[in-house]
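Quick heads-up: structures coming right below.
In what follows, chain A forms one complex with chain B and a second complex with chain C.
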Partner chain A sequence: MTLGVEERWDLIDKISKATITFGKYRHTLKDAIGELTVKPMTGIPVAIAILYGFWSVFGSFAGFFTDGFFVRLFDAYWLPWLQEIFPGQGGWLYAIMVDAGGIESGEFVLSSNCLESFGVLTSGLFVAIGIVLPAIVIFYLMLALLEDIGYMPRLAVLIDTMLHKIGLHGYAIVPTILSLGCNVPGVTATRILETKKQRFIMMTLLAIFIPCGAQIGIMQDVVPDLMGWILLYLIIGYFIFGYILNKIVPGKAPEFLIDVPPYRRPMLSNIGKKVWGRIAGFFKVAIPFVLLGCAIVGGLYQLGVIQWLGNVLAPVFVGWFGVPAETAGPLIAAFLRKDLAVAQLSVIDMTPYQMVTAVVLVSIYFPCVATFAMMLKEGWKELLGALATLVVVVFVYGGLIHLIGILLGVA
Partner chain B sequence: MKVLLMGHPNVGKSVFFNRLTGANVTESNYPGTTVDYTKGWMKIKGEDSELVDVPGTFSLDPKDKAEEVAVTMLRESEDAKVISVIDASKIERGLYLALEIIEEGYPVVIALNMWDVAGDKNIQIDIDNLQRILSVPVVPTTAISGEGIKELVSRLKDAKPVEIDTIIENAGGLT
Partner chain C sequence: MAEQSSTGAIYFAILGIVTTAFGLADILVTAGGGEFSYGILEIPGDLFRGGWGGVIVLFAGLFYLSGIRNFGDIHQFAKVVMGSILIWIMAGCDIFAMITESIPSWEEEAGPWFNTLPGFLGTYAPPYSPAVLLLPFSLVVIYYIRKRASGESRGGNSS
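Let's look at the complex of A and B:
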């Protein structure tokens, strides 16, 4: 026999009266801090401070290890050593695995650093280990701290009103922040949203506007001065297109109720396990894709496919997005490897505004293969919808950024 | 034997799971960390038992996809025992889900988790009386530090299906 809802609560009432006594509750310091971080007047400044702190620790930690250690290791020792010992200099295998080099005054010259060589064993490994690894380690370490202390639900409460404008609610901050590490768990985390509409909007926005840790790491490394603008354009895009999607996608966007858990002291062992597990998971997915993507891009360059596509599409890139014709190649290669494409872009001569446009374009492009597969798992209709949105967004938003540049007189 | 860990979001199901199976599912201090189930194995008296970390749900009437996963998991595991994890400092609402599961005829053990938090909040729970009324084993636990977990597992063998009428009678009838 089962009870009705009323009867069940009635029974619970009886049981609790017979078994529970509530003593006097003392308001503790923990509660006070808890309230201060969730009330808008004090909570919003605290949230800004925490996010800013997050960002600056991220930047300095990643920069310290990448520039201070890995760049030297890879450029001064690994690259010259491989260039020396790998057989068949100038051949296609050499170009794909080690160094595609360049032609200077009619002569083949080797690259001087791992961002320009575009070999699987040079650029591929350097990006994966030298740039992405430090970025991911520090990101997940800080994320784990915020998670275990119990800050995430408070952030969700604070940002709730804003996210309602785009058909989501405060809790959407969880998949969004998870996606800053890797979009794959971000897509899975959309399950905590109640309706199909919300999940679709969230997934689409994640895949388009949220760069993952690997991308952020490489942007931070090659175009650190422009990061502010790039992120600003991505955040604005997230809200503009979220707003539009909310208007056109049918379905409901309900209110949310959330339990704000008490702050807890994070346990070192749990942080360690979690960070380690996530890094291991990321690398199981990312390393093969980085290396394979690198090999495919290298192969397509060798076959002249990317140059050909670049020439065909250059007028679109130049006319519509306002970026130089040379960016066509990397922008096409970005379909396979966004991180390498950013590195390629960084060595092309263009104005800062063109660089911002090009990097934003790369970010909002096609999601990485792993994310694509995860979205397919959540539903093929949603995936198709997300892809259609993506194509529209790339053209509309890319054009809009160009237009803003023209109006500001910087494009 | 198959054992499901069920309860509200953020009551510590994943912490139990990791402690009992030695696995490594993600634990965090916010509701909705687990959105898919994870299976693992533990030994109970030398017998291999399957343990499932089920996403948190407030009731058996799912509100989102993660809750759907939880309810489907329960319905597909007809012969399973359930460890119903309840936040001891919010015991009433936890009992709602526990009663629903008991009403469906599953043998249940109740873990009153975050026992330390309940203590901090000056909440006293008469375990013996609760156990008598519900007629299922009730074990106070603090999963994060491991307290009570051994007893919880040892009490699984005492879990039997209970008629809801018995509970109503023990509680002194409905109003």
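Let's look at the complex of A and C:
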């Protein structure tokens, strides 16, 4: 039997009348709260509060594990034990694996804590397990909660107008926030942006201005009082250079459409799966790089390469960036591990402003090797463009921060 | 229902004024660069908790005050709920910080790994931040949420 068009519509009407109940839509409290978190007047205060909560819980949780237990475990037990049992004290293998130590009055002196020893099994493990792991766990837990509650799409809508000023749109908040955990998935997530221009801007900004969880964790541990200023400089740089890139990079920055789901109660099993998946990724990608980076930095120190480069580049660091000559070594080592570089900076005698400048330089300096490899996968032209931007940004922004310090009389 | 609405509006108006005052006090104390303590109240002077946190407490107060007019309307009531949510975020963070602070001994070299019982309990002793003091008063909103939900399930108007 074949039905004509009119008969088909009649049949559709009959079926829908028999199966669908039409009622008056009632605005629920959840809907009203959902609307409040999207409108700028009310949504921005809520976003400010959620960011505060995110940061506060992050600091408390990471501090609980790192300062409460891991610092003592590694400094009072693990380091002395390894210093004692590892053979060849003072040799190159000992320096790379356990403790580079120092020379006082012509004698080799062992380090007193894992941030100063720079060994793969001491500093490497301490940074990876003792500092970065708690930071990553709480970061991904909070992120998964916000995603599953349904807040992230609202944040994307809220920040859309602001991100359009830098050639991006609301979705760019996803790679940005993911990068705060690890830049590697952040770079991968730039694929959700539609145009080449957007992907290039996003990738460049991530590589330069977004510190990863490892770096944030160690900054929280060694320079907690200066965190606000460091992050402020990075956020300002993100928007200034995003604006400039939007003006000079050719291409389109289209509008976006997003389906904002209702707020929901998060499911524990979903949260668990997400957090575990991301932490497993961190174990596979980041921890080997931390340990390898630590070994390479230790090797380069043993060969005198970093000291030599430091001496050559010291006038630039002192004259242009206004940081002490001793920071040249860590800033060069930051190419391999930014988190270790921050740890190295923390033991150098500096004014607070010099410390802020040095840590901001570490952040905006070359992306870590893992991010570098991921950017290369996205295309060598994009990588070269991002690196060229990076060199300009480091010199311009680093000099600008120094200039601000001079004008304020604190540099 | 109307009587309950007006009682709720008066309650949250008073809470809104107190919350706004606390938020302003937070910001002023932080701007002054010191700490303020009186009885069981302690206003933190650091930029994070006092400054950023103070701004959030201030917003919470403003949410309460802007939601009290036409309190029965769902959109207005949502503002009051949002004010309470901001207080819960602030107080929750403060309480979580207390919990994480109370468990380890914070010894660097030797000694026990965990805090002593008096040390553990001492962490929870007053003084408290404004958000923690406001927390019990902000919970009253749950009564109104339940009341509204039961009204809706009986077929009442929710607009």
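Here is the rule we use: the second predicted complex is superposed on the first by the 388 of 411 C-alpha atoms of A that agree within 3 Å, B and C clash if a C-alpha of one lies under 4 Å from a C-alpha of the other, contacts with A are read in each partner's own complex, and residues count from 1 in each chain.
Everything below uses one rule, namely that a contact is a pair of C-beta atoms (placed from the backbone, for glycine too) under 8 Å apart; a residue touches a chain by one contact, two chains touch by 3 or more.
Note that the structure is a prediction, hence the values are computed from the model and not measured.
Chemist: After superposition on the shared chain, which partner residues are touched by A:Glu35: those of chain B (first), chain C (second), both, or neither?
Modeler: second
Chemist: When the two structures are overlaid on chain A, which partner does A:Ser269 contact: first (chain B), second (chain C), both, or neither?
Modeler: A:Ser269 contacts neither chain B nor chain C.
Chemist: Tell me which of chain B and chain C touches more residues of chain A.
Modeler: Touching more residues of chain A than the other partner does is B.
Chemist: According to the stated criteria, A:Arg8 is in contact with first (chain B), second (chain C), both, or neither; which is it?
Modeler: first
Chemist: Regarding the shared-chain residue A:Asp75, is it in contact with chain B (first), chain C (second), both, or neither?
Modeler: second
Chemist: Starting from the residues of chain A touching chain B, keep only those that also touch chain C in the other complex, and list them.
Modeler: In chain A, positions 26, 28 sit in both the chain B and chain C interfaces.
Chemist: If we count contacts the way the header does, which residues on chain B are in touch with chain A in the complex?
Modeler: 8-10, 18, 24, 26-33, 35-36, 55, 63-66, 69, 91-92, 95-96, 99-100, 103-104, 117, 120-126, 129-130, 133-134, 144, 163-165, 167-168, 171-172, 174-175
Chemist: Hey, which residues of chain A end up touching chain B in the complex?
Modeler: 1-3, 7-16, 18-26, 28, 144, 147-150, 152-153, 171, 174, 188-189, 191-194, 199, 258-259, 261-264, 266-267, 270, 273-274, 277-278
Chemist: What does chain A use to touch chain C in their complex?
Modeler: By the definition above, chain A touches chain C via 26-29, 32-33, 35-36, 42, 45-46, 48-50, 52-53, 55-57, 59-61, 63-64, 67-69, 71-72, 75-76, 228.
Chemist: For a test of understanding, state which residues of chain C touch chain A in their complex under the given definition.
Modeler: 47-49, 52-53, 55-56, 59, 62-63, 74-75, 77-79, 81-82, 85-86, 89-90, 92-93, 96-97, 100-101, 103-104, 106-110, 113, 145, 148-149, 152, 158-159
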